[in-house]
């Protein structure tokens, strides 16, 4: 399968098509509305399911297999927010607060992009490490903390304590970490009992989620003009850089073609659940138009459509594949 | 039926402020409050709240002096950085002592 | 535009009273009503309503005399045993005859 | 299996029983309430799932097999609203606006009746053409447009443009057509990935949907007296006529026993999602009591319980069966 | 705290009018609005809105002249064919310039 | 498997872990909120699914097998509220109204506890009688009625009529009884059609439900101080007594190890859907803090974690097992 074929497979996957349908719905001003309760339910479901699967896999993974990928992930979680922050300050001339706010998003992970990447790997029949969901939890938190620390160092005070509490008690981390613990304790045996809800329908649920995300992303498109050309470019180039970094570190850590690809996608993705919540508390002065438009209106669609096959091609190339 | 005149303070704010605002109005003397879900647009653009649920509409019946304290507190701490508005009306209630 | 002054009665109550309250206000002369979902806290502690859905916020535009009757009825039957509050405001409407 | 046996199978199907339970809930004034968000979610699900399945089937159907049934459907979509309109004006003495409004509903399709018909075919182990859901989309739109055109021609002006935009961008058509496109592009391979959500639970979801529809239909019963005897009769006789027409045209077009039966059911059914929305925009003067009570309070229960086995018996008879 | 007196216009209408009404009030000079979900009954019978979601309750704080324009517009275009009511109250706000 | 091992299996089941996660979420003040609509949907689903399964099983159960367990259940439904009422009045010194209100809850059944017990039996690979869900419906109603009758006899008047209507038309009984009828009429064949919704995902859905119940129970913890030591003790001891009674009567009635255990758990559980609704109507003077805190804050967590393995051990012992 060459890269073009991969691109075709990805663009014609139900998930990406649902995203396109969501965008269309907003552009033609359809009265289609995903109920808030459904959106919240889907978020809870996805985060819990990711956690459960990761935890169950973890319970059968020897530590010797895990520590290198975990370390690579930790390194990514430190490097990527610093990289973003520097680029935004130096090249983009953003002020401290907004640069830190955006960096928190790009350092962290988008759970849906992660899921889309693993669904793509399944469709391309490429096996991946079972413990990958655990890495999501490792990558999500530190990046946000680091970005907030930067802002705080530069600004003087700020309620960092509350922000940290908010991040850890925030539903996103709570479900991810809680789900992982549940999966770890219940083990593969326990997971099997609830597989008809938390495993089998996973990719189908993703379709509903992306329908909604398409609608939301399309609303962001209107703000593209406001945020300026630099941020749009940033939203495309930075994922490529961080994605390459992720794939490379993953490969160094001995991960498989598929695993390194997913780690790269995680690094490339920008959070839009945990990070906005934390930033809103710790840096209320930051302008949400910047960080939401960049992460949702630019980076998310880019990763979903082009990024995912690119990171895969890269991983195959780094692993000496075709 | 003896009716008592009191103030109804309505606050419309981004959803993630809910816990904070409830704590504030309680501390300033409100004996109760009611929240309804809401959505809306004002002078601010995008808000994080789109991602954390929508707006809330918080109502509390209080004495005039508490109403003033609530507005002052909102003006001091919230109006600058958050999407929040507030307004005050006169209402008449039975059992006036319940609210003060 | 000829505006007519009327009373807006707002009742906030535990959700399971919905049907009862609608029947009451209709019987006392209200020509219509609007309900929004709500939640809140007051002087009472836990309520069964947590399990039967949350509070409701019922509004009805009525003549002053009907407003008084509604408040009286609430005070008589509901205030003692249920989580209910009510307040009255002055509002101006077009088509005053629609409401009386 | 004779017709009585078919009737029994249909009346004791979980879907019809759920409808009966919903009616009961309303009649005994139960506090059972289906949350709005659930109802909306189920609608989105059903429309999207119908589209996806139809599209995936379409992608493997040669055009030679498709064009005749599609043409039969188009003919139905022109004939049935004209038939209804004429009957309502001549025999029912309805004014132009209300006659056109009701005709729009009876010309169009009820997605749930369609789904109930296919579920019944599955239970009766009667195979049907895979592309049937595509015909729903073909049948749904033109009938509404024609009915609105009639009203407009008779009334002078009216915002037909906006009404058309509303119909096409309306969630009902958007999900049906969008889902079909998604299914067509993703193909059977793509559908398989999301089958645990969009294929397997289909009939179970229908049960929840019919529980709600039973409650809504029962509320309509109260208005039966207001709408008059003519409209009640119309709500039973017109489906029989349109259903027979559908079965007959389907058979002429070479469709199977099951396929012609489902096409007949589609023709017999009256819309209550797309049509009310369009009529409310284009003909706000029309009285919703008439069109909602007839389609939901009379025709829907009739088709669900008696109509479906009747159309099947008819199709078997036309195909020379027992 | 300098409070400014303004008008709060509340419109209750069938849900599918939401986009239209928002456009109208914006065009007539409202600087913002808040919508809460609602349900209710009035003099009209069944409405299509049962199928397109329920009622909405739209609030907007505006100057007296804008309030009058909104009521006029509603009376002209909407009252006849749609399930809509509207009423006006006096409210006091901080930052009066935000609304006019 | 000894009792400790059973305890371990139960505590590490996905359901109990989800309950713990819900408690944690409340304790760390997470912003996690289960949408009301989801909670209502899950309730409707669980009650309907319980009914459907019970009804389908009933349709193939000979009456000779059923009557003894049904009689045992009826006896329980009379004994347990009287027992609770007496203990609350004599030992707890509660007034008539509050004693009757609490007794209504402890006489009735918690559907979720029932489901957790059957899920545990599945995990412990212990077969149970298929008609058990039918017994839930038998046990739920009479206890509430009896408790209300006691209060009424002692108080003079009271709108018992309305309360009875409320109980029977209440969504809880309506779905349970309606679902049973549906299952009975549709039979195992009909149930199979909707199994991907109403059978397979059952245990997974329970996880979501318990996540929410954990959050609610934790909120009740705050009231534990208010309700006093007696009620807390009552909330632990009474389930043990009623549970033992249930296991014993079930065994006498010839039920299997698993069946007697589940009947015991039903007897031990305290209702928090049907009973609160009925009590709120018939005894509005009763203080909800008492009955909700006891049933949700004490008895439910106790049964879920310790009670279930205890009743199982008891049942095995009574059946002469290890």
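Chains: A, B, C, D, E and F, in written order; residue numbering restarts at 1 for each.
By our rule, a contact is a pair of C-beta atoms (placed from the backbone, for glycine too) under 8 Å apart; a residue touches a chain by one contact, two chains touch by 3 or more.
Quantities reported herein were computed from a predicted structural model and do not represent experimental measurements.
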| item | value |
| --- | --- |
| Longest centre-to-centre distance from chain A, chain (CA-based) | C |
| Relative to chain F, chain with the most remote C-alpha centre | E |
| For chain C paired with chain E, centre-to-centre distance based on mean C-alpha positions, whole Å | 20 |
| Whole-Å gap between the CA centroids of chain D and chain F | 41 |
| Where chain E touches two or more other chains at once, by residue number | 16, 36-37, 52, 89 |
| Touching two or more other chains - residues of chain F | 29, 31, 35-38, 40, 196, 277 |
| Contact set on chain F toward chain D in their complex | 35-38, 40-41, 44-45, 48, 52, 165-166, 168-171, 174-175, 178-179, 181-182, 185-187, 190-191, 193-198, 277 |
| Contact set on chain B toward chain A in their complex | 16, 45-54, 81-82 |
| Chain C to chain B touching residues, read off their complex | 10, 12, 36-43, 55, 57, 68, 71-72, 74-75, 79, 85-89 |
| Complex contact set, residues of chain F against chain A | 12-14, 17-18, 21, 24-25, 28-38, 119, 122-123, 196, 200-201, 203-205, 207-208, 211 |
| Contacting residues of chain F [partner chain C, same complex] | 36, 40, 216, 220, 223, 226, 272-273, 276-277, 279-281, 284-285, 288-289, 292-293 |
